[in-house]
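To keep things simple, chains are lettered A, B and C as they appear, and every chain counts its residues starting from 1.
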Amino acid sequence: MNIKSLGLELHNLAKRLWPINRSITGEGVRKTLLILKELNPELSIYEVPSGTKVFDWEVPREWYVNDAYIITPSGKKICNFKENNLHLLGYSIPVQKKINLKELQKHLYSIPDQPSAIPYVTSYYEERWGFCLTQNERDLLEEGDYQVFIDSKLFSGSLTYGEIFIKGSSDREIFLSTYVCHPSMANNELSGIVVSSYIANWLSNKKDNRYSYRFVFIPETIGSITYLSKNIKKLKSKVFAGFNITCVGDNRDYSYLPSRNGNTISDLVAKHILKYTYPEYKSYSWNDRGSDERQYCSPGVDLPIASIMRTKYGRYKEYHTSMDDLVNVVTPDGLLGGYNITKLAIETLENNKYPKINVLCEPQLGKRGMYPNVSTKISSTEVNLMMNVISYSDGYKSLIEIADLCKVPIWELYPIIEKLIHEKLITMLDEKESF
Amino acid sequence: MNIKSLGLELHNLAKRLWPINRSITGEGVRKTLLILKELNPELSIYEVPSGTKVFDWEVPREWYVNDAYIITPSGKKICNFKENNLHLLGYSIPVQKKINLKELQKHLYSIPDQPSAIPYVTSYYEERWGFCLTQNERDLLEEGDYQVFIDSKLFSGSLTYGEIFIKGSSDREIFLSTYVCHPSMANNELSGIVVSSYIANWLSNKKDNRYSYRFVFIPETIGSITYLSKNIKKLKSKVFAGFNITCVGDNRDYSYLPSRNGNTISDLVAKHILKYTYPEYKSYSWNDRGSDERQYCSPGVDLPIASIMRTKYGRYKEYHTSMDDLVNVVTPDGLLGGYNITKLAIETLENNKYPKINVLCEPQLGKRGMYPNVSTKISSTEVNLMMNVISYSDGYKSLIEIADLCKVPIWELYPIIEKLIHEKLITMLDEKESF
Amino acid sequence: MNIKSLGLELHNLAKRLWPINRSITGEGVRKTLLILKELNPELSIYEVPSGTKVFDWEVPREWYVNDAYIITPSGKKICNFKENNLHLLGYSIPVQKKINLKELQKHLYSIPDQPSAIPYVTSYYEERWGFCLTQNERDLLEEGDYQVFIDSKLFSGSLTYGEIFIKGSSDREIFLSTYVCHPSMANNELSGIVVSSYIANWLSNKKDNRYSYRFVFIPETIGSITYLSKNIKKLKSKVFAGFNITCVGDNRDYSYLPSRNGNTISDLVAKHILKYTYPEYKSYSWNDRGSDERQYCSPGVDLPIASIMRTKYGRYKEYHTSMDDLVNVVTPDGLLGGYNITKLAIETLENNKYPKINVLCEPQLGKRGMYPNVSTKISSTEVNLMMNVISYSDGYKSLIEIADLCKVPIWELYPIIEKLIHEKLITMLDEKESF
């Protein structure tokens, strides 16, 4: 596939998903998952009934919206949900009444210092109704009576999520999670859905996966908690690495956020690949967290989940507003960068074995045509690198660690490893040699 | 109690103890302990006979002084012990004779570059007599015959020390040691005695101590060696933290000196509280030691004793001279600072448990009114801090370590912990969870 | 022995060995070893037959050279092996023919940017012949027919090496290795041979060695591989420290190259002594290696071998050319420095025990005359250092570690340790106390 066109393909999928009114439950999630299933037919869709106890939480009622808007005193229709689903406060209860401006103001949300942005606001766990609009629009509201109309429904339905499982040679799993609860916003969070879908597609077409892969498309927080409450035992026994896929669509930066203790293989991989592809990447601390790693890495859950992002949630001005769009924020190049860095992380995990030299002392490379047979004053960088790899192949150091010791990215070692395997000089161990 | 007046109270006790002629044995120690017993009636006084073997040492003879002075050729009485007990070299043997200036000079001690200070000099382990005086006074001595008179006695008596034990819920102990062998000097060492006495008083009036407390008031070096030789087994089995209380009375600085290996809970507490109360505090190394930690942390003894001081012994110009007084060096504010930092160390130890979250994943805080129920772009610092505490409450990290991870002093976590306990969301473990 | 004259003696031995045509096998090695045996009669000489399998390698055929030169078209004899053995490419096969300049050029080696240096070139593992000459000489070669003459022989003989074993009180061994395969070059590598010989001589005359010593004089790479293949089991069970002795003859620098994992006692010693004798020494990484540590530290062999050098191989412009001589590069002072630093490393290992104090608490030093018996404001540096040593003598810290904690070189502690042993205050443990 042409690389340039892959970025466009990702962007096109994001555009198609853009208008859907996603929330933590409801039709928007189902519509989104059905579209994703086109690319990954193995996607399974699960429904968990409202009221189900999930750890300290409970699956909430399902939310349905038919229409919502306000009629101004002068008869203009504003805050029209059908024009932009951000206009309606998420999980608004139904309402239909005439109120004056002062009363209305209590239900309006805008951002004074971003006057042309509609904010993204929700109230999942307290009954409430409201509208979101730009500060500019709000400043123009005239005195008088306003007709507010929200045709919504909160009812005992279910929480919906999707899961893709791709079996590899080993039943050890790499876990990837993204979230489907955000309405019309692009970096946070259409980018994660789109990149995850294409990564799943790539992996399921690739027939030689060493590890098994589990992707989940869930609503944030309540979704990961629900999913964990049903699957924690399996995840804790199988998952040895993973990533929370979020904010992977803008072309401005790369970022890393660690797992809780910061010392998992996922952290090692993230830091290694970012160091060699985008050395000026931003490194955050666990205190800066804010997505589903909060659940996956919580005490007692402790899954090895790190985040590799483009520009992190909360760290760009368009975040959680209507400005987080597919024009100025998320671009084909931005999404392609998010896709590529995720793919690189997975390739690195797939290749990260423990090389062990099969002979004592240095092997005689000359007789294999792998070493210059006339001595020279200065040996070549290539030969030096190969000798370093051989020297570190003690069965205790992973290939990532060896690459770090050699001060090169792991992928520069692949041709060397291939040659050494071909010459039967090294064995690649799946696990670190036990002492 | 009014805080300001507590500083004055401490200072008044120091003033009352000032004139007593303390040494490593003798009446001065006994008088001092009897005064301290007024504030802490539970103080027990012990006598260990001269000649008792204590590890590599032997309890020395007891020293008694009735009077001591010199009569100059012109009939003036100088170096009058009754005016300032520093005039007499500590442990001077009795003497009564007429000698010329040249002979006298061999027995005089002064400090050329601190010409108005009387130095503090002792000779515990070699028989000797001498007088200490200012360089200014010494420079004026005329030629001629001097009458020296020391009415002292060295005899088989005992070494005296005091001990206060305050029982807490647990029989694990916090050990505090200070020394009663210094005559009329203030920072080193009336301050330690005074601060320790008031800390003991505070703890014995407080009825909810988690730990037990053991205070000792001993002569330096020989006292701690004697005390250890009698109690080492008990101390090693019970004491898990402690401090050597010395130089806690001037208002100029704060200082920390580590235990021998620098990695005990006492060290952690000292560094944590100083970092947040006086970030520019001085941090010394074990090589800079000079008080009873030399015994408590010696190889094989290895008690977890650190020092939190104001200005460290040997690091202020008035040290070990008559200038180390209750006017220019030790002040009510200085003593109050010493008291407060010691109290803070103890409160920190009392509060330092291992929080463990009772639920898997983040708890639903909204339903408990602990979380904003409308989403906003930026979450508050208070909520963030609570979420961080929850996230680190894995039963393996102490509250001090969690505070360090959150980059706040431990006391900022107390209201959060209280709320989380009240909501039954965390359990406070006394010990780190075992893996 | 006069120190100055020792440098000259080392230099004289190097001069005597200079003209011999050493290679990885053959008469040159045997002649060299016989000369070394004069100084160390206990040197044993071993022969390993050509064709012997040694790990992944095979002992090569033996090489013998009688004569070699080129006659130019104008009848001049150039590249005369008898004038400088570097003129002949190492392991050249015999040849005797007339060829034109163009054909000859394919067999000539020179260094364009070092036009007056004859390079050192070998071809051990591929049959080849060639001559090495200065670029200046090469540039003057006229067109025409050249008579090339190499009277050499490659035949099934043996590889020769020498070994000196010096028995100490313990059968734990310190291993020192140097190489005898380089023809007329001085720093790399007559210096290692000469320094090792004199160190062996010193040790074998010294009657009180704590450890046993094993020196090997081998050809580089194939020699260490051969030696290891015969002795690995013994070495792995006995050797606890060691050094590869190379490039120890110039007076320009000191350098350290670590063992593979950089954490052996040999590494600790090397860094400690260089820090205090030549603080600006160069510290290399394992990636910079290039001598027999490549074999001794290879995975599965893992002997504790570090290198303490003067200027490292490959890091001086004369390296592997005729300019690496006994005039401008290697000097008596340079060799003496190499000898002294190696001796210091050995003395440090011999002295590196684990002091353990015999009493609890500080000992009473006054009664032993080891402590001032009048107190003073400032205690002396000497007394402080002794008190620090006592304080760290817990049986868990080696004397090197204690010296590092005291911020002094280990040799400053020897008189203190001696005094403390004499006073029966410490016991020197051979091994770290087990917990």
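Simple rule for what comes next: a residue touches a chain if its C-beta (ideal position, glycine included) is under 8 Å from a C-beta of that chain, and two chains touch if they have at least 3 such contacts.
Predicted model only: the values in this text are computed from it and were never measured.
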Cα superposition of chain A on its sequence copy chain C - rotation in ° rounded to nearest 5: 120
Chain copies touching (chain A, chain B) - same or different residues, decided at half shared: different
Between chain B and chain A, distance of the C-alpha-averaged centres to the nearest whole Å: 55
Residue list for chain A, restricted to those that touch at least two other chains: none
Touching residues on chain A, where the partner in the complex is chain C: 356-357, 359-364, 366-367, 373-378, 384, 387-388, 391-395, 405-407
Complex contacts: residues of chain A adjacent to chain B: 55-58, 89-90, 111, 119-126, 128, 221, 224-225, 228-229, 232, 260, 286-287, 289, 294-295, 297-301, 314, 319-321
